[in-house]
């Protein structure tokens, strides 16, 4: 008896080589955070879902995963909001207008904000964690009538670190979004709240039994925010977190981002707290 | 065994290598290199380990002399097929800059010379099946692996002489190659001959160019006996019953602290493991040149850097890294790929410089969970 | 809005400094022959006594520092160098860990001095040989005795390109296995410090069937105790197991701790400590 050996498929696409994008604009958001706007050199505009990320490549310097921060409802230039924390992020924000960067993706799961239609949405963001949530908020305000109360709880280090300030004001003023901002360190001029963003959860105005909660920020903040949301009665599967892990490929091949059985890059980065709670409770998993 | 099973005499191996090279393959087979049998390129039967045996124990490997002159009578080779199909260091892309512009000029995908493997064992074939699943069977296949894999020819062998660290039978395998081969050879003595089973049309085509005669019922019975004897000679065992839940529940077990005190975090186990697939990328720019390239190299969950995010490593403690490796291999792999990530080849036990034995560690975790079950060294 | 220094036209100004050392690491820079031509184009070498007499005043973008600190004057000098350098890189085991001369840290320097020198009174020396990082902050370390020239070229290239240099902090074993070497410890029974030593040499000694003797110093998380216990269990005399850590990186914290642990174990077992 002879058979044909089941050799894996032929000439598959190479997912590790980036496509070229050109910087059309770089906007300074805060002292250390910039939004880089990109357009494809060859090929169409990228379609993506709120919460997805790309692997951004400063050629010759390196590649890092960065969440897309632009508007998913209006296909246009690709936006990433990047904090200057290392050699690659520095090269990305310092590249001049017209420079070519590499893009792979979009990758990963989305916030799936449409799941919140017909109910309330509470968004909890810490620091740069607001950037991956911006597309979700943009999607919600684009279809504002489909949602009940929409609450954004946002914690920044200092008043100078507050991202997208104009947008936050316009969402609050024109789009019926309740925006509550708190800072870790308030200076004399700051008359707003001071303290942890998670402390805002218990008194925020939403119906826990008809709410979709989206959380992004440092892991310790996400954990306590999720606990506070669950304590108010939001079911674990209605609380979604976006995880940060080391990623070298973005497509489930390099192995770095694993959390037990999950690949943060393909099973996440957005995952339900019902699934994450037992994993995040184990130290150094 | 099928009608097309043939008998090849020892001198047939030279012809087999010649036929494969003639078809454009690089032939990779067991060969003695600096005191160990390794899989590496050979150019004739003289390069094969005739009369060489091996002793493998935890943290110890020695070559031995055999008086029966057998050629494939060793346990798993030091580097297996992984180093060929999934190289330790490979090009992802090469590109050229001018000012702030950039163009990729080469992705390395097209420079693949087809490989014919000769003398690989059942454990390696089962590891290959895992790599096929991980690297080629998901939404984002690894193009470079797929190119190498689809061009590969496989002449497997029955593992007639398993070593002291072998436990493939515990992991659902056995000494006899079951599938995924073009040809499968079983080496027999008195007289010295190879029973050759044909797995594919390509295998039959290649074998047709080598002198063989039909196998007899006695030959086939001898294969059955050799396999049965080898099955009884596994140096180690592992009880895999309920392993996934056992390891998930044991996340805070003191066994991790104990093994963490012995583990060197040297990465040898992950480098020799035929299923480990973790890699990192390295950007290389050459001083004074407009060229830059990105390379992919084997990485390991045993390094602190591996789980590094802005703010520090997520696994600073050795216990956490060993737990990650073992739990991934034996438990999380089942959720991810619907199989065990360990094939029982024993390499991680043999090549651990201080002889840490995963079968013993699993047995300790079972014991500490209050389930007295056999496992470890026989 | 952009960091203009990234695109400044002038090549980085580089200086090479020598402290207590054998000059071997500086020679590695000179040995870069072909690469040095590219280095010379990409950086401007402002001060390098081994290569040129030309001297350009500081400040410098990059200072490569060879050697350890062994005299009071050197403490002052390294402080000055730090002040006029944007980036300080230590070259080799002496600068990074104190070098072979740090063996004095385990002994009585006054005694050495009186035995070796005819007129010890002319000598001004410190009781201990210390790494550069004991005195000033260090941005990058190149390990080894001597350094690996590939790593040096990589570091310079990375500094010019403003990327993170590829200086892995894991073990030699990773490089050894990637290179396809047979493990000398497991297959030959040759003692090897590869598992506790930082990569970067390309597993040079094991590639020639020699055990690693740790000239790149400790890896990021070295389990020296486990390795030493194994070496002793498999036949190495305790005295030798202590001495394997007393070489070029004897004063690095993990190797120092391990050799002293071995000494205590010998004292406790009555094996005695012979120097």
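The first chain written gets the first letter, and so on, giving A, B and C; residue counts start at 1 in each chain.
Please note the rule applied: a contact is a pair of C-beta atoms (placed from the backbone, for glycine too) under 8 Å apart; a residue touches a chain by one contact, two chains touch by 3 or more.
These numbers were taken from a predicted model, which means no experiment stands behind them.
Put simply, the chain closest to the centre of the protein, by Cα centroids, is B. Looking at which of A-C and B-C shares more C-beta pairs in contact, the answer is the pair B-C.
Rounded to whole angstrom units, the spacing between the C-alpha centres of chain A and chain B is 39.
Between chain A and chain C, the centres computed from C-alpha atoms are 42 Å apart. If you average the CA atoms of chain B and of chain C, the two centres end up 36 Å from each other.
Counting partners per residue, chain B has 283, 285 as the residues that reach two or more other chains. In chain C, the residues that reach two or more other chains under the touch definition are 161, 163.
In chain A, 60-62, 86, 95-96 are the positions where the chain touches two or more neighbouring chains simultaneously. Chain A contributes residues 26, 28, 60-62, 86-88, 90-91, 93-96 to its touches with chain C in the complex. For chain B in complex with chain C, the touching residues are 33-36, 38, 40, 59-63, 78-79, 83, 88-89, 261-268, 271-272, 282-289, 297-298, 300, 302-305, 318, 350-355. Residues 1-18, 20, 59-63, 85-86, 95-96, 98-100, 102, 218, 244-246, 248-249, 251-256, 258, 260-261, 263, 266, 282-285 of chain A are the ones touching chain B in the complex.
Residue ranges of chain C in contact with chain B, taken from their complex: 35, 37-39, 41-42, 153-154, 156-158, 160-161, 163, 166, 168-171, 173-174, 177-183, 185-189, 192, 194-196, 209, 219-223, 225-227, 230.
Within the complex, the chain C residues that touch chain A are 1-3, 6-7, 161-164.
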